[in-house]
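Pasting the structures here.
Two complexes are shown next, each including chain A; its partner changes from chain B in the first to chain C in the second.
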Partner chain A sequence: MTGAVAAINCTNCGAGLEVLGGGRVTTQVCGYCGAALDSNNNYRVLKVYANMERPPTPFRLGMVGEVEGVPFTIIGILGQVERYEGKTWRWVDHMLYSPTHGYAWITLEDGHTVLTRKTRDWPSGSFLTAAAVERAESRPTRNWRGKTYTYYATSTWTTEFAEGEFNWRARVGETGTSVSTMPKGLASDKLTFVQRPEGERELEVSRYFPEAAQVFGAEPPLPSGVHPLQPYVPSPSKGFYKRWFGGLTLVAGAAMLFFFTAGDSRVVLHRGLAAEVPPEFTFDVSDTTRPVRIQLRHGLSQAWAEWAVEVQDPTGAPLAETMRGISYYSGGSGDESWSEGSRFADVTFRPTTAGTYRLKLDMAASATPAQAQQTLDVTVREGLTNGLWMAIVAACFALAFLAVSSSHLMHRARRWSGSDWSEDDD
Partner chain B sequence: MGRVIMMAVTLGMLGAAGYASWFGLGTLSRDTGAAAVAAARTTGRVGATSVRSGSIGNRSSGTFRVK
Partner chain C sequence: MSSETSCPNCGAALPDLLAHARMVNCDFCGSSVVRDDDVVAKAGEAGAMLDAPELVAVGVPVRLGQEGTFTATGHVRYDYGRGHWDEYHGSLDTGGLIWVSVDEGDIVLQRPVTDGAPALRGTPRIGSTLAWGGTDYDCTEVSSAKAVAFRGQLPEAIVVGESHMFANFSGPRGLILSLETWEEGRNWFAGVWIDPFQVERLL
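And now, the complex of A and B:
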C-alpha cells in the first residue's frame, strides 16, 4: 500500500472513503454516516454511531506532515471527554501512520498540541494504576531511562467521536483510565499508563509538539493557559524588565529612605515637666509648601491625659483648636509583657504664610500631680515629607521585579496546577 | 511600543510618588485648617477648655472639664 492511496465505499452509506492506514488497521469509521466498519472482514458494518458531534480541530484526515524527519499521515480522529465532579475536559486525539515507523498520536487540548508514541520499554516498578495511586500515601514515582517520573493526574476518559482508521476496535462510548507522570524539573516528557476496560495495558510517552499545525499544514490553534508539558521559554524582554524593575526598586527605595528622614530638623519648644509648660509658644515657619507637625511626648505610665491644642498663624487666624489624647499602659507576667497606647501625639497642619506661629497647650490645672510631674517634650518640624507614597511604589516595583525574576518558577507551578494530587494526600 | 508604554507608566508612578512624598500629602491632621476650626466651633465638640486627665487603679483619679 506504500505509495498508493486506496479507497473504498462505505458499506453503510456508500460514501467514498480513503484507506490511509497500514495493515494493522482493524476498524474504519465513516465520517459521513458514523458507521464503524470491520477492515479485516470486507468492511462489514459493526455499528453505526449517528449524530456524533465533530470536535473542533484544524487537523483533517489525509493531512501529511513530517515528524522528526519521518512523514506521517493523519488516519483517525477521536473526540475524548472526561467528566469529574461537575467539570468537563475535552481533547482530540489524531492517529498518525507512517509505513516505516508505525503509529503515533497528536493530541490537541486547549490549543496545545502533544505528540505521543507507545513504548515497550517499561519503567522499573509495577504498572501504575489508579488504584495504586489511591492507596499511595505520597506521590507515586517511577524510574524510566534514568529519570524519575512523579505522579501528575488520573484521567478516566470516554470516546464521544470517532472518524477514520484505527488499529483497534475503536468505538464511541469506549472508556479507559490514564495515569500520567512527569519529571519534577524542567518540562520534558510525560509517561502515561493507559488501561482499557478489557484489561489491555499500554505505556505512552508524550512530548510537547507546538509545531504540529505547521508541519501538517493546518491552521495553528490558539493555545490557552500553560500545558503540563510546555517548556518554559523566557520572554525576549525578560532581561530588560528585570533590569528596569530592579533599577526602579533601588531608586524608589533610596528615595523612600530620603523622604522618611529628609528635613528631620525638629525645633524643641519645651523639654521638661508637664506642669511647667508655658501657656504659649511661638515658632517660625519659612516653608509654606509643605506641612508643619507639632509633636507631644508625654512620659505617662499607667495613665492618660488630654491636651488642648491651639495653633494660630502670623495673622492670628486659628489653624487648629483641637484635642489630643495620650495614654500608655503596660504590664507583664513572667516572660510575657504587654503595652498599650502611645506616649506620642501630634498635630499636623498646612501653614498659610511664612512668619511666626503661636501654639497654646493646656492640660487641666486640676490634673493629678502624678501626670503633671511627668516629662513633656514639645517639638515642631516644618517641611514635612511623607515617605509612605514612595514606599508603596517601591513595593510595587519590587513585586514586579520578583514576578519577572521568578517567571520560570511560576511557569512550573502552572504546569503542575492541573495535578489532582491534593496537599491532603501529601 | 508596549515597552515604551510600560516605561512611561512606571516613571509616572515614580514621579507621582515623588511629588506626593515631597509635599507630605496624607500627613495633615483632619481637624486642622480654618474649615475644621469653624466646624469644631459650630459643634462645640472640641476646644481649648475641653480637657480631661486621669489614670487607672488606686494611684490617682481624673478630672473632666468639658465645654
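And now, the complex of A and C:
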C-alpha cells in the first residue's frame, strides 16, 4: 500500500517528482535528470542516466484509467529495444499501479496497445526458456487454464529509457529474455516466460487492449500492421463483397463457357488414313467477322510427321502457306508413365470474303509408310469466338472472392508471421 | 480482570466471541483483549487502522475465485517500512477457517500447517528450495514485518508493535508456503495465490 508521501524533490537535480506507486516501489527515475533514486533509502541517487532519448508515446506519468473496472495509474515508462540480425524493434512499456489490484503494464508497439499482468498460476511443465526452445525439435507448447499455448518467439530486449517508479531495480541497459506463446486458434492472450539477468523468472499474461488510449485519456496511436494478439474483426461489408464477387465469378464463368462453345460449326473434311488424304479440300465460309480454324489430328505414336498447309480464299489468293509438325511419344515403367508432344495441330486465319475456300495438305516426303498408315482427322470451324478474356475476368473475380472469403485465414497468417520458429524445424 | 463480555479496560460490552477467537478489540476504548481459558485480559492497544483502499473488509463477504466465499472476522495490518499489507482471518462458505493476505494486488489464501510441517534446515534465504507434500518450492521473499493494528477477532494473540520474520516459498500453479518466526517458535502456512480480478465483493 502506498505511504503518505505524495511528492519528493529529486535528490540529484531538485526537480519535484510525484510519488504515484505503492509500497513495493523500489526505484524512482527522475524524468528531468535521469537519476535513478532508491525509494527505500531516502531516495539516494543510485545512478544517473543522462541524455536518454524519450520514446514516442501518448501516455504520461500520472494518467489514470480503468482496467476492467479498476482504476490504475501510470507510474513508470520504459523504452525497450531488441536488435537481431541487423533488424531493430522498439516498444514502450508503461507500468500501472492500483492500490487494490497491484501492478500491470500497457505496452505500445507499432501503434497497438497490449495489457500485461503477472500471474503466479504457472502452467504445467517446466518454465519455458530460450535454451529449451533452442533444444526443441518441434514447437514447444505449454498447457494453461485449459488451453494449449504454442511457441511464438524469443525476444532479448534491452532497456534504453526509464522514467518514473518501478517495483524492481529498473536500470537503463538492463537486458532480459522473453519467450512468448499463444493459442493456435483465435487471438485471445499471450503467455510470456520472462527471465531477468539476475535470474528472476516471471510469467506474464497479455491481451490486446486497443481502448487503452481512450480509457487513459491519451491521444490514440495509429496502429500499423497486424499485431500477434489482434483479434480478427470482419468488415461489416464482408458479406456483401463475398456475395458480390461470388456472383460476378459465376456470371463471368458462364460467359466464358458460352464464348468457348458458341458458334461451334465444326465440319469434318477428312476422317481416315493419312495416306488417303485427297490433294485438295474445299469448304464454305459464310461468317467473315470471326476467324476460321483448320485442325489436324494425326494418330501418331512414338513418331512425328510434318504437314505442309496451304489455304486459298474464294478468289484464289493465298491466305496461309505454312508447315505444322505433329509428334507424340509416350512411355513408362511400373506405376510411372509419361507422354510428350501432341497429336493436334491447327491453322487459324481470318476469312476475306464469304465463299468456297481451298485447303491443300501434303505430308512431308520424309514420312515413313507407318506414319502414312495412321489416322488423320481434318476439321474446319468458322465463327470462332474467343473466351480467353472472359476467362481472365472470371479468374480475377474468383481471386477477389477467395480473398474476401479467406480474410480471417490471412489475418491469422499475419498474426503468426512474426514468429521466429521455422516450420522447417518441426 | 473483567467479565467475559466486558472490556477489562473500560467495561464496555465486547462483541460475542467466536469459538476460535483468542483476541478481540474493544471498539469503545481501542484496547486489544486476549481471552485465555474463558478469561479476558487487556493485552495492549489495538493500534490505528488508517483508511486505505481494500478488496477485503471485516464482515463483508467476498468471492475468492474458485475457492469460495470468504467472510473476514479479524484483520491485522503489518508494516514493512514504505507500506503495509493486511491479513484477514475468517471462514470460507465451503468450510474451515483461513487467513487471507492482501498486499498491493497480491492475494493469498492460507491455512495453518498442523501436521507434517516442512523440514527447513537453517535460515531461509532467497533462492533456497524446499520440498513439501511432493512439491518443490523456491524461497522468493524473506523479510520482517511489524504488527501495527488489528480489528475484530483473531485465533491467536497479536502484539501490536511486535515484529516477526517471515519467508515466502513459491511453488507451481500458484502454490505458496509461508513461514513466520518469533522468538517463541515458528508457524507454517500453506496456500495459493488468487488473482485480484477474481476477488469480488458480494455486498
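Assume the second predicted complex is superposed on the first by the 371 of 426 C-alpha atoms of A that agree within 3 Å, B and C clash if a C-alpha of one lies under 4 Å from a C-alpha of the other, contacts with A are read in each partner's own complex, and residues count from 1 in each chain.
Note that in this section contacts are C-beta pairs under 8 Å (C-beta built on N, C-alpha and C of every residue); 3 or more make two chains touch, one makes a residue touch a chain.
No experiment lies behind these values; they were computed from the predicted model shown.
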item	value
Contact breadth on chain A, by residue count: chain C or chain B	B
Partner chain(s) touched by A:255 [first = chain B, second = chain C, both, neither]	first
Which superposed partner A:68 touches (first chain B, second chain C, both, neither)	second
First (chain B), second (chain C), both or neither touched by A:170	neither
First, second, both or neither for A:102, with chain B first and chain C second	second
Partner chain in contact with A:302 - chain B first, chain C second, else both or neither	first
Touching partner for A:348 - first (chain B), second (chain C), both, neither	first
Touching partner for A:229 - first (chain B), second (chain C), both, neither	neither
First (chain B), second (chain C), both or neither touched by A:92	neither
Chain A residues contacted in one complex by chain B, in the other by chain C	none
Chain B residues within the chain A interface of the complex	3, 6-7, 10, 13-14, 16-18, 20-29, 31-34, 36-37, 40-41, 46-57, 59-63, 65
Chain A - residues contacting chain C, complex	1-3, 22-25, 39-40, 68, 70, 97-103, 119-122, 124, 199
Complex interface listing, chain A residues touching chain B	237, 240-241, 244-245, 248, 251-252, 255-256, 259, 289-291, 293, 302-308, 310-311, 317-323, 325, 329, 346-350, 360, 362-364, 366-371, 384-390, 392-393, 396-397
List of chain C residues in touch with chain A within their complex	52-55, 80-85, 103-106, 127, 170, 172-174, 176, 193, 195-197
